[in-house]
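Naming follows writing order (A, B, C and D), and every chain is counted from residue 1.
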Amino acid sequence: MISLKVVLADMDMPNPTMLASGIMGETGGSLLAMAKGGAGALVTKSIGSVPRAGHRNPTLVELEHGYLNAMGLPNPGIEHFGKEMAEALMGGVPVVGSVFGATPGEFAELASRMEAYGAHAVELNLSCPHAEGYGMELGMDPEIVAGIVKEVRSRVNIPVFAKLTPNTHRLIEVAQAAEGAGADGIVAINTLKAMRIDVDMRRPVLHNLYGGLSGPAVRTVGVRCVYELYEALKIPIIGVGGVEDWRSALEYIMVGAAAVQIGSAVGRRGSQVFGDVCSGIHGYMMDNGIQQISQLVGVAHD
Amino acid sequence: MIERALTRQETVSVAAITEEAENVLTLRFDWDQLAAPGQFVMVWLPDVDEVPMSLSYIGGRKGITVKNVGEATKALTSLQVGDRFVVRGPYGRGYHLPQGKILAVGGGTGMASLLPAMERIPADRVDTAIGARTEKELIFEERAKGTSSNVRVSTDDGSKGFHGNAVQLAKEMMDASDHDAVIACGPEKMLYYLHQLCVEKGIPHQMSLERYMKCGAGLCGSCAIDGKRVCREGPVFSGEDLKEMKEFGRQRRDECGGRVRL
Amino acid sequence: MISLKVVLADMDMPNPTMLASGIMGETGGSLLAMAKGGAGALVTKSIGSVPRAGHRNPTLVELEHGYLNAMGLPNPGIEHFGKEMAEALMGGVPVVGSVFGATPGEFAELASRMEAYGAHAVELNLSCPHAEGYGMELGMDPEIVAGIVKEVRSRVNIPVFAKLTPNTHRLIEVAQAAEGAGADGIVAINTLKAMRIDVDMRRPVLHNLYGGLSGPAVRTVGVRCVYELYEALKIPIIGVGGVEDWRSALEYIMVGAAAVQIGSAVGRRGSQVFGDVCSGIHGYMMDNGIQQISQLVGVAHD
Amino acid sequence: MIERALTRQETVSVAAITEEAENVLTLRFDWDQLAAPGQFVMVWLPDVDEVPMSLSYIGGRKGITVKNVGEATKALTSLQVGDRFVVRGPYGRGYHLPQGKILAVGGGTGMASLLPAMERIPADRVDTAIGARTEKELIFEERAKGTSSNVRVSTDDGSKGFHGNAVQLAKEMMDASDHDAVIACGPEKMLYYLHQLCVEKGIPHQMSLERYMKCGAGLCGSCAIDGKRVCREGPVFSGEDLKEMKEFGRQRRDECGGRVRL
């Protein structure tokens, strides 16, 4: 019997696809819709301590090969997010609460609120490239990252994932620091810092000037990062960046990802992208006589 | 397997301006892009904002009909012929053109979204109810007459036509003759009661909704209503879709994604 | 009279388009062909001290939105390159000698050989992501970069350009170090470190495992880098990464590039891409009443 | 404006193997990709190498005809039915099918590139000269007979057919009857003298060249001949192109890009 089941740091998932943070993850209803589409786990929008409107529009640019976004971490704040979590949990798959903060204490507080709301794990956004004082600004420094992970780890009993940025040559160091501080998994990659100019208007399109590049354009960068992480770490890695079909999901799995997250592809393919990826993987396993998806994790290193 | 192709982003310039009513005007612009009735575009005014607007004209010379309600719409309604702005899209799913006799119900700027659909249906199959708070805010009555065999108007204050709201007028028109389908766009409260009415009478219907939109492209989730994206699965939803929505007519979201009672 | 002429660190160019290093730059004949296609200047393949075969094939992957390459710096060696330079110089546009080495002394020696061959400028490859001991391994450290630039600067009289990598968060620091050490211009960006897996074969496609991503996929990253560099530097910046038409060239120019280099686009569009870009820019200048291309440099910062 | 679309990379498996001569065999594989006569593919054998190979069959079931000369070709000629390899392409410009009476001249594995072109021209318009060093190395004689009204063979050692080289044989055939065009593929020295002959006789001709190829896609420049990319502007060049080449027949490049005298 072919099985796509994954146990990710104690989290039981029916399949290795997860909704990536920030895409359709702000409301309980939209999270539920992704579970219906077949996602094996759901990551919420990154939630902060207080409501936040995010950057002014334009916050998104469509490119032929992906998207550029500078949403600026809009979110209703942790206080109001309990209702959304309650709804999302009805999807029957694990829900991972993504949080962002400026200090270890803020991260830990948010994480423990997420735990209280019933989150199966917490994901620390240490990698957003377009929100000053948050995200990537912290996530490029191994010591800061270790401090945050340690504090969170000591305050919650659910798995803690650290989501990292590829916008530095220190990715591996940072990941090892997170592992050393007790992280249960590494999520890579967040978006690449990027900018688009409107030549007619002679200015950057995004109101925030720069933003984060996602989608197929970043896939080869993400796959490279996961390959390198797999050689350097013992904890599981969750691959993200440009997954849009079963082949791109398997690229990540073969370089060492225990699971993959899908974000941008939801834009054009809708929630069924999760189901489509899974049935594609199932077909591949059938054709190749593979029973457990775990048999494929890391095979590209042999 | 790719559901939707890439949309285009393009700089266009104002080719003509028509005042439709107090604080409402139509900007026409040449944009060589296929669009379906009911679709919308994201309109960017550099240094100001980027906001969703229904296409009120969908031929080669397109149009948006803007009501001045805040910063972005004020800037849009201040543009002069020749001024430039940037559009991306078209986005969303529009109306499926229905068979048989149609009742089109528009409130406020809702007529902007309906007219391109009405213009694709023979006039003798279309009845129209246009609602406004007062005569001065009434738009597109003449244009509707060109594409509709029977156009009636309601005003809340009775300053013109039927004294009452658009739903009451629609009920009167439904009682007066049989309709095979209703298409509607307007304030959500109006749509909500019209939906109840249609369900009661068993008339198939489609309604175009509005939600706070950021990306417009189906990613950010800010426009979600019961998990459906107004920018992608909508803005036009069928009566069946609407029936299943717990938030329709009851709740929207603010810029932070927080719940707001309607 | 509309003019596309550019004076780049004393180098007179008929237009702002340059051939990027490593594309059709190994032989005099192919460099000449690019000049015929309309390039305003030619950068040679990066040349080292001795002949080098580069990595074994596959050295290139075609993607929908670009290429992944790990050529491994194949080149005939500086000794044999004089003949190619002599031929390239017949193109009537400036020729920039690109060089790579492991030490400041090696770089300086190569640069002075290039000067002797008649190069109008020298470009230091501090950014190749797939050749051990060279390129990016040096180019992420401001001190190493300053040391190399200083040594080269003291040995040649032609302009010295430093070509930098985006695979680090220290790009600005590195560029400032190069400027401080006497560089006459910064070239950005080289490719992004990336990897592609063949899912059927379950292994990386490139024989070198990882390589460098180029083409439209990296354009928004390159534009962001040039935008940041322009705010931090006084010396001219040469933009490179995903330029394929006049719009993408103007994106770079508007964020501050004095000139642009074109590499990947030569693959599918051929040498005429240079002429096409220039006539497109000419049209834009005509439509917008602009006489000198320099009037557009950096306008996106206003 | 995009000159060439993206080529596809795909895993295929050996469907059939035919031994053509000593050390030369044809691998057939099903690959659903349009290809023109004269185009080539990059063939990757994981852990070994990736090398260029002309397509000797261009229908749905494609083919490459490989001569074992080194590591990659040895590995290729050791494959069994069912074994897999990866192809990308097809690359390059093939033959423009000429009008009138054609003389096709193939030396060594050159016939592999010519046959798909010959098979698109009625047999009564095609004469063929196949050159080999010795009878044992002769390939595709039977296949050529199926698509050619007159097939002649030359061997350097006289072990079969005309005793001499393919250019001498071609001259004899040109003298014997009129030809409107020549197409040819084979060792560069053969092509060089054949080109001289065609120029002398004023016969339009096209020839497929080989150079050391790395990327195959028009980027790296390793295949350059007088600034032209054999992988993109070639591999098939016209007589006019060849006339302008200073390196044709004289010089090639090694893996480092260094000049090598032919």
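Keep in mind that, in the parts below, a contact is a pair of C-beta atoms (placed from the backbone, for glycine too) under 8 Å apart; a residue touches a chain by one contact, two chains touch by 3 or more.
Source: prediction; values computed, not measured.
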**Request:** Provide the C-alpha centroid distance between chain A and chain D, rounded to the nearest whole angstrom.
**Result:** 50
**Item:** Euclidean distance of C-alpha centroids - chain B vs chain D, Å
**Value:** 63
**Prompt:** What whole-Å value do you get for the distance between chain A and chain C if each is reduced to the mean of its CA atoms?
**Reply:** 34
**Asked** Which residues does chain A have that touch at least 2 chains other than itself?
**Response** 63-64, 203
**Request:** Have a look at which chains touch which and call the overall pattern line, ring, star, complete or other.
**Result:** line
**Prompt:** Between which chains does touch occur?
**Reply:** A-B, A-C, C-D
**Fill in**
The residues of chain D that touch chain C in their complex are 1-7, 9, 11, 42, 44, 46, 49-51, 84, 86, 88, 214-222, 224-229, 232-233, 247, 253-259
**Contacting residues of chain A [partner chain B, same complex]** = 22-27, 29-33, 36, 45, 51-54, 56-64, 67, 69, 71, 74-77, 80, 83, 198, 200-201, 203, 205, 207, 245, 263-264, 266-270, 276
**Prompt:** In the complex formed with chain A, which residues of chain C make contact?
**Reply:** 63-66, 68, 140, 167-170, 192-197, 199, 202-204, 209-210, 213, 216-218, 220-221, 223-224, 227, 247, 250-251, 254-255, 284, 296, 299-300, 302
